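Heads up, the next two complexes both have chain A, just with different partners, chain B and then chain C.
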Partner chain A sequence: MSQASSPSRGSVVTTIVRQPYIWAVVALVLLLVINLIKDPGYLGISVNSSTGNLSGNIIDILRASAPIMMIAIGMTLVIATRGIDLSVGSVMAVSGAVSMEFMSNSGDGSVGVAVTAAALALGVSALLGVINGVLVSVVGLQPFITTLVTMLAGRGLAKVITAGQNTSATNEPFRWIANGTVFGFPVVFVIGALIVAVVAVLVRRTALGLMIESIGINPKAARMAGIRPIGILIAVYIVSAVLAGIAGIFSTASVMTVEVAKTGLSSEMDAILAVVIGGTSLAGGKFSLTGSVIGALLIATLDKTIVFLSIPSSATPAFKAVVIVIICLLQSQRVRALFARRKAISTPTPPQSTPTRKETVSA
Partner chain B sequence: MFKTAKIRGIAGLALAGAMAFSLAACSGGSSDSTDAAGSDGELTTVGFVAVGPEGGWRTANEQNIQDSFSKENGFDLKYAPATNGDQNSQITAFTSFIDEGVDAIILSATEATGWESVLKRAQEAEIPVVLLDRGIEPNDTSLYTSHIAPDNVGISSSAAEWANGQFPDGAKYVVLEGPPGLSVVNDRNKGWDDTIDANFTKLESQSANWSTEEAKSVFETILKANNNDVQLVFAQNDEMGLGAALAVEEAGLKPGTDVKIITIDGTKAALEALAAGRLSFVAEYNPLFGDTAIEVVKAALAGETVESDIVVPSVTFDSPEAATEALPTRKY
Partner chain C sequence: MSTLIERPTAGPSNAAKPSLLSRLKPNLETLPTLAAVVIFVGMIIYGEIAYGRIVQANTISNLLINNAYLIILAVGLTFVILTGGVDLSVGAVIAISSLVGVMLANAGWNPAVVVVLMIAIGSAFGVASGILVQYFNVQPFIATLAMMFLARGLASMLSTTPERLADDSAIRSLSTEWKVIDGPKTNDLITTPNVLIAVLVVAVAFFVLHRTRLGRTVYAIGGSESSALLMGLPVVRTKLTVYVISGTLAGLAAVVYTSKLGIAQNITGVGWELDAIAAVIIGGTLLTGGAGFVLGSVVGALVLGLMNVLITRDGSIPPEATTIITGGILLVFVLLQRLVVSRRRKT
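Take a look at the complex of A and B:
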């Protein structure tokens, strides 16, 4: 069918379909449609009469997606270098613990205290990132093992910082980060989007992104081409840890409490899922920041949909798993179909490839 | 070829047998030595398989147990918290306490099921086991000495009774529960469901994993899904209740008047919120039963029979005044 139509139309269709995160977009739209069927006013955004802020399910989703977006972006860069960062959830807890502990001890709810708390939290997070980066690049430990160690040590550290207690603090400027609005939009999402934009410009408008990809595709060849992997690897792990620290600030500021055993728990899984859903291969190399952002949005939407549809709590993990498995299956099938199509183009059409191609077009 | 393989097999078997013997000898020797050490120091060694940091209630409970089983009271308490609430780490700690040959084990299980085989091992080693707080499923009383806990069913039914009195014409309510499968979740659901009047409508029952952050996120969505038409929240712990209160405030409603929130546990943070009118009813789940635990452990070691189910008395707070009065002496 696509071959029969004009070549220009065909190429437009293929470029859209070729985006690795197309199925994530489809799933996202599908979830929103399901919610719309349950409640036709689902997408409506209204102005809350008593607080004066925009309110609506979409606003909630944007707000909930911000922390996932942060760790997913960091995770994307790490995964692109053939690494993995399992410590992001624990770094979230550490960052939350540092900021809450500092604010509960320093008393007054001034902007200065909030800024110092955030800076301290990000500083400690960056330090954990340095440890990860040095162990991976200089010492040459496997990223999985290295970050597994910092994951366990990090949660331990969070417990030590707060003496094992869930610590609360009151500080209006800090609370504003997660709950406030600018022009009606949630601050967390605005900050998150800005940070994503900065990271995107840094890696895509400079050679940094290419260097990261080349390390992931072939570290030896990259080194021979004159790229120094040590500096880049350390930088990537620091960026991931700092972004996780920001995510930790986002999620603790929303309730102004750090729950040492729960803040950021299994967030590394959410981040890895967002990256995979976004179409970045766990084998490293090419990465897609847009895909990871869409993946994060999808996970936030999925979490909210489960509650909105009143799915019983015992069935929620299964529901989440089914949706994600379906997306991954669709993606892998698409890859296989593309592979078959390429083969079909390079060699005189083998008979089996025809039905596969039809499937791709119809899907 | 065939012959050598056979010989190798036999040799392997013999080696394995020898190792088993030596291992048995080893463990026999070590248990003897710990027994001797125990009587020399005159301290009773007690292994505490605990949950670890979870929330205000758990911290108060485990601190109380650790303070009670002190050296002054003649105990050497070995505290083993679970790794992030993982049952496997608890079972590992439990078995190593058995191998160490402690005099008694106290256990706060993270999950209700799956304890039969280790409890049987403790029985074979003649180590009395006292369950604190969370019970086991299936509840086989022959496997442990005693279960000490406040009555979850009774506490949540007292919360439901208060709700019945507050809303004689019924109300729409939401339950925020702990992780599915825990015995405390089942018990708290049972007490509530059995007592709440038939004219109440349960809109939804969702897990928020005992967490403030999750409860806030879950409840803001539930409020949107029901156009803010929710009059009552039954949060199965304080942290989730406080999260729901934040979501109510965020939606521009007033907790206490628009949405009444019931919580269980009675930690300081919840009583402060009750005194400020952000929560409406707090049912205490008394964590301070270290003294009872000591009595039970002593009686079990002396060979006396102990009641298999001991209920710790708890109170309820239904007004800001009651909370303000209780706050100055609150220990947790």
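Take a look at the complex of A and C:
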């Protein structure tokens, strides 16, 4: 996934980009080991002989990771352009609200209704993405505040759509998305993996990924090089919103209910966390989709582990905080080392890097 | 996050003398704040005409009493946002601080010690955010997000059920209602120690920001951090200080809120950081830092408070739409700021 910028510094760049998600993998293994200690049969996967479905904790983790994976992939692209999308959680709620409201009104549980509901939900999500994208690229607002506005307004919109009620619907095909299986694997995970693959091919087999990275690294230089930031920025925010819409469908379909105040609440934090764990810098530029997928898996595993160790699930944020702080500290020293090296190359005497390093030691 | 827009503005010409610039172009700098004042007055007039009983001592008193905590939070965030940072942890800090406070007070601790401890908890989280931001170069957004998660998680470990403060607790006396003017019927001008605390906080913050070295450094960092560093200003210390101020004021807001409501819970204060940020932005502080007024943030907090009053009075607007309206107002003000910034760049 990581592309060496120049052959001479290739190995350095590779290690720097690779290492963060090596840590994530280590953390993932560590969590699984903790679970194994508590229950030696934790990793067991059993096959239901009559239906051929796989079941087990690992399958549960895969199922739970699908929505996080969706929003994390979208967030990765947005963050790569130096942006941030705080609205994904609200978009999830809007998407869930649209689909549930449509299905509860249309009555019959046919495949057609399910497809229309999903299409409507994704359409509305895309619209929110367009709003974000236009405000950021054309109007030039900061991504943080733009998506904060859509986050506030989106949550309100979801409540208005369902008149403030938690809306339920019955539709078997729609429910199948979350609870069904394909070749024994959960449908959500299969769809999620397919979407990740499509996005990965789109950004890595075409110049799109490079353009996104160049906007994040230096918007001015990117513009000089003939890259039109407006189109790419809008596209990135639309992709993020549509993926959030899919995540919203995933998370509402499993219970066939949208809880307007709760669906997707603080999901944006999970997504940002997954991206950061995956080694993509919040300062934009180079991004790693693989890292974000691993990050999403790590978060899903963390959530499940906390429940498994019978710690109250409302305490989960504290553990996530510890993970963020550790990852940030690991990254910051690395960034600093890179900074010092660059500084040493460009100017003979690095006046600033030495005192800051001393401060780090003393702190 | 902010570098994209603000950097061209923060050229050498005006970054070196931001205070001079603000004096030369008062109209452009104060335009967002003025707009907030106009909207506030407009809302009062509209409310008075449409629903009545707005311009009266009772309503105004309640507006201040109910929003004292938000004013304190907004003041704290003004410092952080002026340096170009952001503090997302304030809502969660309120949760843990008030939960610890109520539990200790119920365990029989001295109320004065409890109050000091509650404020100290806020300061501790502020110190942690500040160290992460300043010494480890973590983005303010992500550092304070971590503190938000930590505070919320720790609060949930302490208790997930509402903890009620005993009614005779001395902490509750902070919300005793003093009648300043005894009006007809219930139309009294009331104040509480909480409101006085908020007023005091605003006054001190105003003094610090506009009359001290610390305040000027805060503006300078927001204008251009590298210029401030080159000028020999204590950037490191100041950036740490603003997070400590924000955390401490969040602790103080927890005291005010707890004394008013008498209940603390692990989900107290969810989303308040957004309310406080909205108040600061509406009040005319640039999110990119460097320009803004603490009094503007107070107006911003009151606009949000008054909006809630009007929506409740109106009754026809579904309460679900409140966040849409908040978002809409926020968007208008951000667009206004954008206009101001682009104008300033041209001149």
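Heads up, the rule we're going with is that the second predicted complex is superposed on the first by the 294 of 363 C-alpha atoms of A that agree within 3 Å, B and C clash if a C-alpha of one lies under 4 Å from a C-alpha of the other, contacts with A are read in each partner's own complex, and residues count from 1 in each chain.
In this section, contacts are C-beta pairs under 8 Å (C-beta built on N, C-alpha and C of every residue); 3 or more make two chains touch, one makes a residue touch a chain.
The shown structure was predicted, so the numbers you read here are calculated from the model rather than taken from an experiment.
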Chain A residues touched - chain C or chain B, whichever exceeds: C
Touched partner set for A:Arg82, first chain B, second chain C, both or neither: second
Which superposed partner A:Asp60 touches (first chain B, second chain C, both, neither): first
Chain B versus chain C as contact partner of A:Ser314, first or second or both or neither: both
Touching partner for A:Ala283 - first (chain B), second (chain C), both, neither: second
Chain B versus chain C as contact partner of A:Val255, first or second or both or neither: first
Residues of chain A that lie at the interface with chain B and also at the interface with chain C: 155, 159, 164, 260, 312, 314, 316
Of chain A, residues touching chain C in the complex: 82, 84, 135, 139-146, 148-153, 155-157, 159-160, 163-164, 219, 260, 269, 272, 276, 282-283, 312, 314-322, 324-325, 328-329, 332-333, 335-336, 356, 359-360, 363
Of all residues in chain B, those that touch chain A in their complex: 52-56, 59, 84-85, 177, 180-181, 203-207, 209-214, 216-218, 220-222, 224-225, 239, 242-243, 246, 250-253, 269
Of all residues in chain A, those that touch chain B in their complex: 38-39, 48-51, 55-57, 60, 64, 155, 159, 164-166, 168, 179, 251-252, 254-255, 257, 259-263, 265, 303-304, 307-308, 310, 312-314, 316
Contact set on chain C toward chain A in their complex: 1-2, 4-5, 86, 131-132, 135-139, 141-143, 145-150, 152-154, 156-157, 160, 236, 266, 274, 277-278, 281, 287-288, 318-328, 330-331, 334-335, 338, 342
